[in-house]
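To keep things simple, chains are lettered A, B, C and D as they appear, and every chain counts its residues starting from 1.
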Amino acid sequence: MIFSSDNWAGATDAVMAALARHTSGFAPAYGVDPLSRSIEAKFNEVFEREVAVFLVSTGTAANSLALANYAKPGGVVFCHKEAHIVVDECGAPEFTTGGNKLFGLPGDAGKFTPQALETALKGYPEGVVHHGQPSAVSITQATEVGTLYTPDEIAAISTVAKSRDLPLHMDGARFANALVSLDISPAEMTWKQGVDVLSFGATKNGCWCAEAVVFFNPQDGAGFEFLRKRSAQLFSKSRFISAQFEGYFENDSWLESARHANAMALRLAEGLSAAPGVDLPVTPQANEVFPVIPRAKAAVLQDAGAKFYEWPTDDLPADRMMIRLVTSFATTPAMVDDFVSRF
Amino acid sequence: MIFSSDNWAGATDAVMAALARHTSGFAPAYGVDPLSRSIEAKFNEVFEREVAVFLVSTGTAANSLALANYAKPGGVVFCHKEAHIVVDECGAPEFTTGGNKLFGLPGDAGKFTPQALETALKGYPEGVVHHGQPSAVSITQATEVGTLYTPDEIAAISTVAKSRDLPLHMDGARFANALVSLDISPAEMTWKQGVDVLSFGATKNGCWCAEAVVFFNPQDGAGFEFLRKRSAQLFSKSRFISAQFEGYFENDSWLESARHANAMALRLAEGLSAAPGVDLPVTPQANEVFPVIPRAKAAVLQDAGAKFYEWPTDDLPADRMMIRLVTSFATTPAMVDDFVSRF
Amino acid sequence: MIFSSDNWAGATDAVMAALARHTSGFAPAYGVDPLSRSIEAKFNEVFEREVAVFLVSTGTAANSLALANYAKPGGVVFCHKEAHIVVDECGAPEFTTGGNKLFGLPGDAGKFTPQALETALKGYPEGVVHHGQPSAVSITQATEVGTLYTPDEIAAISTVAKSRDLPLHMDGARFANALVSLDISPAEMTWKQGVDVLSFGATKNGCWCAEAVVFFNPQDGAGFEFLRKRSAQLFSKSRFISAQFEGYFENDSWLESARHANAMALRLAEGLSAAPGVDLPVTPQANEVFPVIPRAKAAVLQDAGAKFYEWPTDDLPADRMMIRLVTSFATTPAMVDDFVSRF
Amino acid sequence: MIFSSDNWAGATDAVMAALARHTSGFAPAYGVDPLSRSIEAKFNEVFEREVAVFLVSTGTAANSLALANYAKPGGVVFCHKEAHIVVDECGAPEFTTGGNKLFGLPGDAGKFTPQALETALKGYPEGVVHHGQPSAVSITQATEVGTLYTPDEIAAISTVAKSRDLPLHMDGARFANALVSLDISPAEMTWKQGVDVLSFGATKNGCWCAEAVVFFNPQDGAGFEFLRKRSAQLFSKSRFISAQFEGYFENDSWLESARHANAMALRLAEGLSAAPGVDLPVTPQANEVFPVIPRAKAAVLQDAGAKFYEWPTDDLPADRMMIRLVTSFATTPAMVDDFVSRF
């Protein structure tokens, strides 16, 4: 009953098999091996256009470097106030951008609106040096609370960003979960709605450590290789990341993993919504479920070996708590059913 | 005939087997899994004392973060002028330390002397704010040109460093190669000679991407976990690095790999020293050989598929060049003999 | 009718006279001249204890460097959400601290409560590397909206800060205005309530460019001279800042300037409170007045040559606006009466 | 007998008179006052073209910010190994550029040659991410040892810089001294030879604290105002710097000050060259003289109240030392003659 996070799982068989396949033999170091080149081509195919893609090893690296690519002196990045880049990356974006500020926008269910962005941008009129200058807008898909921006919502945010010549960044740590849930193409969820740069996450969905920074306007990434190297994210044996992507994309195993994880979340949600004493204030759209349960029940579950985290939230009675349940490719129906049966 | 670098090899079987072993199942994320704890204990055993150890994924990360741990405003790090941190890390140490300067010391065969360090430090008297302030001393073992500091030489450098209260850092990207060549213990090559912090490299010697920052005075690393996270080097599925170390240390496979690489370098050196038209100005002590060969011969070798890099050097006739040949666990005697036979 | 800001004034006669007095002759450069030493001694006297004091030239420099002195990797500074360091310094604190985050606390009338701080700190439990780590607490005295923390309020905030071993910083850009309004001693407004470091502002109150970073625990500033030099704030002809302070402190001219400015603000407030169509939602306590006036009236005043800025605020009818009026040593009663008479 | 540095002098009467003139009255803050605008226009006139000029307060600020304007990830600035930016700014350029490296070129008499630059640049081939990327070239005029680049030498260095699309920066801390010595126009010493950005120093030549960053291609400075503010170098009462420049340029007082200082250096050199036991290895071209004198004589001079610094140099007998003598607008013939007479 492991629901702590999707990163408590290991790697999928497809990913490990690919890695094993490339273990022996020699290959040029530092990202110019044939396998890495083929993975770059694969990204073009996945996104139905020529992209500039740079492999890195953690989501924090992908996000920080993507934002650093557009950093300005006194720069300000606009994102949701609960975004991972604000709350969970120990200031890596601020450090990597040379001190750009993250402006946390309010918004229900982990999402901010184009209106909220527009209002915040008004506080940063052109050329007022005291306030600094907007440098980027960032959305998270799926969000920290497992919700999704629709393509139209993304496009509307992009329109506001573009009105100030700002790039739109998408933190796609759970990109695949969002994609299969919306049932649209990678292109439709990104550049067709005006996303400029994507942190394409693969780790949570079955890789060991494989993330990619994808620039939809390849020239945007012209100097990125220096940024990546300077942040110690250019790997000598780079094929070990490329191999993970090979396995990830092979036979659409990434979509299959995400579909499974989402299905497990749905199974959880359905089970819990019928359980006594449980509320589900946020409808799960990807692989996370946020039930409100009796605090006493949480202790019982943990004693039984269930793993999950409390999700701090306001305005609950002292005897109730919101918890976060995350599913992954490795979650089994039995695990879900066992958990639900204990309510 | 691949001699370009030891990082053109993949991973050893021991490393891949360990990784495969830990592929499935769940484990706590972010470095608190049981396997990571056991690897930390293993480091204590290897170094015969309690150390504080932090796993990271690239040598550049290990070096940059180790130096950042001791960074000061206006700080100056003293190292050899050809050190990897100066020449090959795209300014990552400068960036990660908030702009500390690397002072490149002269010295033959990739090594600097205690006297050279002492002279340089005189340029930075205590409390002269203009010049900045010394923050660390860094040596590379084995050096960039495959030579070694003896234990006594390390101790003498440490003595000078300590006279100014400076930590001594060792860049051990090729730690194992140096160790088996000197035939001493890890403790004897490090803290027993006054090394304070080590970049323990495992990637070049058979891992995919496994490096460790080792503090011999554990309290030195008290705030390091924040530095590591801020530089995006805390891995969610941290066991994938730990597993590499498990395989690396298992049955002393790391020492075996290094002994093999060194033996191949020796075989190369012996073969080349008997070859016509070849000089060996630097005696190889680890897994690198730097012969001076006819430029025309280099072209012939490359046409035959040999891979190696020219090593820029002064004062050679136009028709001769120095090349760098690096061996690894994956280098075969046949590969060496084939190469030598072409002279 | 210049009420735009107290920094639209020039320098007081006392300050210019002192500067003129030290124009000729030679003096050691870089802060070790006798005049600078005597100013440092004067600060001890003003604060009734031995302090470590470092002269700089702008308030942004003082604030940024004070916070940088306590910066940590992934550090978080807690302050009011409308604090100058958050809103008006173009990311200088973030840059100078190597990317520390400013956490903006809510609170009425430009002040935050100990409770608000305590709640925010709970989001940063010890040792949770993802969120980063608290590095400092900062209050502004007088605040951005001309209000004051009482000594008890400062002490209460300090108690919360100390419960997490955090230094308490005071941005004293308008220190003198606050001081004379509270009618207490500098010691009582600072270290006696647990303030650890102060940005002592003198520019707004009659200097050209003279600010000081004051450490009440002198050892806290042990490495500060390197921070200051690295930020280009060590002046070669340092006596020109010291001379300003000489004039500033002479015959308590600084207190006199502040009393005058505050009196002018009071005169404005009294006049406006009797004026038709004017509201004064915030009671002025220092040298700033924030009336809400008819938007049409603002235009009329500006046409007549009055200078002031709109102060953006929510929830006002479209035909009304809040404006900020700032007084200084150079504000005359005639100027105030002229302004008031136009309502 | 004060020859320690030109920054031991105070301000010229012209500068103080102008400052006094602008003491009272109100003016818009933060650089948009009419006086500041007129000073900007004056710079256009001085340089015979439209320039973008930004006033700052220290030479270290001017240099650091000028280089930061062109910084790149992994950037490398090429300059003389004894340049002020390398030796005397406590890492401010490295910090302000986000960790760019300063590459110290060798060269006699404080100057490097185009050939030395060309050779160094070869170590940084295009697109080799490991080494980083060249970001700027910097020369000092007059140099640290009081010598000058001829216009042709500047042009030749610029040609090499431009071959790699690098901006040429001139550290003009002693710009006026160089200018009057070469007897050419400001334009001829800068942009007509391919200088792109200048740190125009006025402090050493008679201001309190007045420096300017001058971009000869105004568009180069498009984002500079944010850089300046972020480094706390935008002054609220900006007119106090502008006023210094007003006095500085008035009646060509700046040229007169520099001519006087240079004449005093010449008088020193002439006197010393005739003195027993004195060598003058470097011919003074501006306001600095570097005699080699008996060590015993130095002590005698210091006992008599003479102020100067030893200039560390190699290869002198133990009983002899090189000293640096700096003259300024405030140096008197009597002071010079007194000094010389003691040999």
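Just so it is clear, contacts are C-beta pairs under 8 Å (C-beta built on N, C-alpha and C of every residue); 3 or more make two chains touch, one makes a residue touch a chain.
Quick caveat: nothing in here was measured; it's all calculated off a predicted structure.
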Of A-D and B-D, whichever chain pair has more C-beta contact pairs: B-D
Centroid comparison with subunit A (C-alpha atoms), farthest chain: D
Duplicate of the A-B contact set - from B-C, A-C or C-D, the pair where over half of the pairs recur: C-D
For subunit C paired with subunit D, centre-to-centre distance based on mean C-alpha positions, whole Å: 34
Where subunit A and subunit D are represented by their mean Cα positions, the distance between them in whole Å: 50
Centroid spacing, where centroids are CA-atom means, of subunit B and subunit D in whole angstrom: 41
Where subunit A touches two or more other chains, by residue: 73-74, 89-92, 95-96, 98-99, 129-130, 132, 226, 229-230, 234
Of subunit A, residues touching subunit B in the complex: 2, 4-5, 7-11, 13, 16, 19-20, 22-29, 56-61, 64, 89-92, 95-96, 203-204, 208-209, 226, 229-237, 239-240, 307, 330
Subunit C-facing residues of subunit B, complex: 30, 68, 72-74, 98-99, 129-130, 132-133, 223, 225-227, 229-230, 234
Of subunit C, residues touching subunit A in the complex: 73-76, 87-92, 94-102, 123, 129-132, 312
